[in-house]
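Shared between the two complexes below is chain A, which pairs with chain B and chain C, respectively.
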Partner chain A sequence: MSRLIFSVLILFATGCAEVKPWQRGNLARPSMAFDPDPLESKMQQHLYQSKEGGFGGYGIGGGGCGCS
Partner chain B sequence: MRYIFLLASIVIFTRQAVAISEGQSVPAQIFSLANGDALSISKFQGQVVYLDFWASWCGPCKRSLPWLQEIAERFKERGLRVVAVNLDQNSVDGQKFIRELGLKALEVHFDPDGVSAEAFSVDSMPSSVLIDKSGKVRAVLHGFRESEKEELVTKIEGLL
Partner chain C sequence: MAGRKKGRWHRMPSRVRKGKRKLASLLCAALALPGMEFGGAAQAQPQNEGVIARIKYQDYREYQNGGTHRMHIMAPSVMLSGPLSERTEFEFSSTVDVMSGASPFYHNTLTGASELGVSDKRRAVDLKVTHYFERFSIGVGGAISTEDDYFSRSPLVEARVWTPDKLTTLAAGFSFSNDRISSTNNPDLDERRRTNNMFLGVTQVLDQNSVLQSNLALSRSHGYLSDPYKPADRRPEQRNMFAWLTRYNRFFPASEGALHFDYRYTRDNWSLQSHMVEVAWFQPLGEHWLLRPGLRYYSQSSADFYANEFPPSDFEADYSADQRLGNFGSISPSVKLVREFGSGVSVDLKFEYMLQRPNLKLGSAHDSQIDPFHAAVISLGLVKRF
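And then the complex of A and B:
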């Protein structure tokens, strides 16, 4: 029983807060994007491929086998 | 034990969002907005109102607002009121947006605290509510789709 009470109390202690649809202005900023500059990212990937022979792992085609 | 825990989680974390739906009457209250502005939908009783909630950072709003301006001008004489409520947390962004797009035909209110959005249970951006002359909600729209424009115009014409 005490475990149950503890579990319920823990749920109340979480730091979750709901962000309303109209409060997402900051999240919508370009700087908050996962990839704010796709061109720059592509350049970086090209550099790694040329210098280190490493490729992939960025959510694009190729699994890093070096066979592309 | 596991099920009790699961049930407790659902009870605590499930928010009972009561979204405004077709056939309901609009909230009669007067919303006190920032800078002394007030929004009262009930004052439009006897008119058809298209209430739109938008923000400057919302991509589809860049397409919906110019179209709303077009609609406002087209049906102005027949008694349509287009009320656009800006929900930017910084109203200056909304004012800049209005200036840049030249949206002069719209009645714009600024609600940075989202008081009215809360009352209308806005769950997406943009969101719109079409209200008939008796103050009843006739359509609730989430987002903006080009394909829905025609149907909406027909609905507005039917209510005017």
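And then the complex of A and C:
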């Protein structure tokens, strides 16, 4: 596990090219957003959380049980 | 703030001003592209998308015991987001889950089998307001969720800080939830559960076509964590969970498609560990259509007090036969189709199938007695951008 975390840190430290503002057109496409459909993501995470033992990591918020 | 900007602009040599004007015009051109948000990939500025209304209807059906219909959930929901001022935006959402059917009594024996069918309604609302400053943003909000037997309130605060080039964003958040638990089977039950959630994340633009995000989340729950509907269910009063999620998005100019790859590891003090991998591909088809196939795999090892037996051998010890705390693996293929219409309207349809089985778990240990569990989720959505 620590090797995996280390690899990600290395990626962050070395893998970043300089990207000028006018080179960010592709990054700004809706399909490149982490949650292009935030309502879907919210419902999906709630569903998985009610069916699985491990959850979290997608952000802060939500609440309630809906555990059935 | 505007006055200061103007002053700085006029103090610049004319050559620099020309260069800056050129840059500004390029930026304006970029901002005019649909969905374009300068720094958006690193989540470093307001969305600038105007008001967006989303409506979704989700239908969830699950099956077990060789096709027995177990639980049906209908979930209509809405989300409204947009600017409150030039630098402030809000996001509001509301969901109603209407549940009916039978919930597992223990293992896969259903309450419905003893004619104790489950019928419940969950209503949830949440609101978040985010204000953007020059180099950071602050968001505050809260969520309320109510059911016949469950009430939860959770305020939240989050902050983001980004580098001047907006290629790196750090995020931190904290939320606190105060839950009240009852039971329709036992009206005398009145228990509390408190949870603190902490969140730390970094988003990094790697190059013109890829962005990486890595988040750490810690949740600490204290209080009544058992399930009041499962006989003899008795869980420890403290649960600390650590989750580490890494997400990678890559755009492929040749096909104009985008790949999303997520990996998450979680571990808690109940010895439950999980791995999750999710892959999705966003493919535009012509001018108006988008197809998104996806595949998610999840695997968990059981909590240390989980027992694949009923009744428990020791009624004084921690015990749960809830299969959600057992050993299993799960695989979920999905497909989503989006159709863009004119004037900011789009409609989407998604189908997801979920299969949970003990032998899909990573590694060898599994409880072969638990029947496979299937679920089908269909959702229909409508988005209107004003």
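Definition applied: the second predicted complex is superposed on the first by the 40 of 68 C-alpha atoms of A that agree within 3 Å, B and C clash if a C-alpha of one lies under 4 Å from a C-alpha of the other, contacts with A are read in each partner's own complex, and residues count from 1 in each chain.
Following the convention adopted for this analysis, a contact is a pair of C-beta atoms (placed from the backbone, for glycine too) under 8 Å apart; a residue touches a chain by one contact, two chains touch by 3 or more.
Remember, predicted model here, so these are calculated numbers, not experimental data.
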Chain B versus chain C as contact partner of A:G53, first or second or both or neither: second
First (chain B), second (chain C), both or neither touched by A:V19: second
Superposed model, chain A: greater residue contact from chain B or chain C: C
Contacts of A:D37 with chain B and chain C, given as first, second, both or neither: second
Chain B versus chain C as contact partner of A:R3, first or second or both or neither: first
Contacts of A:A28 with chain B and chain C, given as first, second, both or neither: both
Overlap of the chain B and chain C footprints on chain A, listed as residue numbers: 8, 11-12, 16, 18, 21-25, 28-29
Residues on chain B engaged by chain A in the complex (per definition of touch): 1, 4-5, 8-9, 12-13, 15, 53, 55-58, 87-90, 93, 114, 117-118, 122-125, 127
Residue ranges of chain A touching chain B (in the complex, touch as defined): 3-4, 7-8, 11-12, 16, 18, 20-25, 28-29
Residue ranges of chain C in contact with chain A within the complex: 23, 26-27, 30, 33-41, 43, 54, 56, 58, 60, 71, 73, 75, 77-79, 81, 91, 93, 95, 97, 99, 103, 118, 120, 122, 124, 126, 128, 141, 143-147, 150, 152-154, 156, 158, 165, 167-168, 173-175, 177, 179, 181, 197, 199, 201-209, 211-217, 219, 227, 241, 243-247, 249, 251, 253, 257-258, 260, 264-268, 272-274, 276, 282, 284, 290, 298, 300, 302-303, 324-325, 330, 348, 350, 354, 356, 375, 377, 379, 381, 383
Residue numbers on chain A that touch chain C, as the complex places them: 1, 5, 8, 11-12, 15-19, 21-34, 36-40, 42-43, 46-48, 51-68
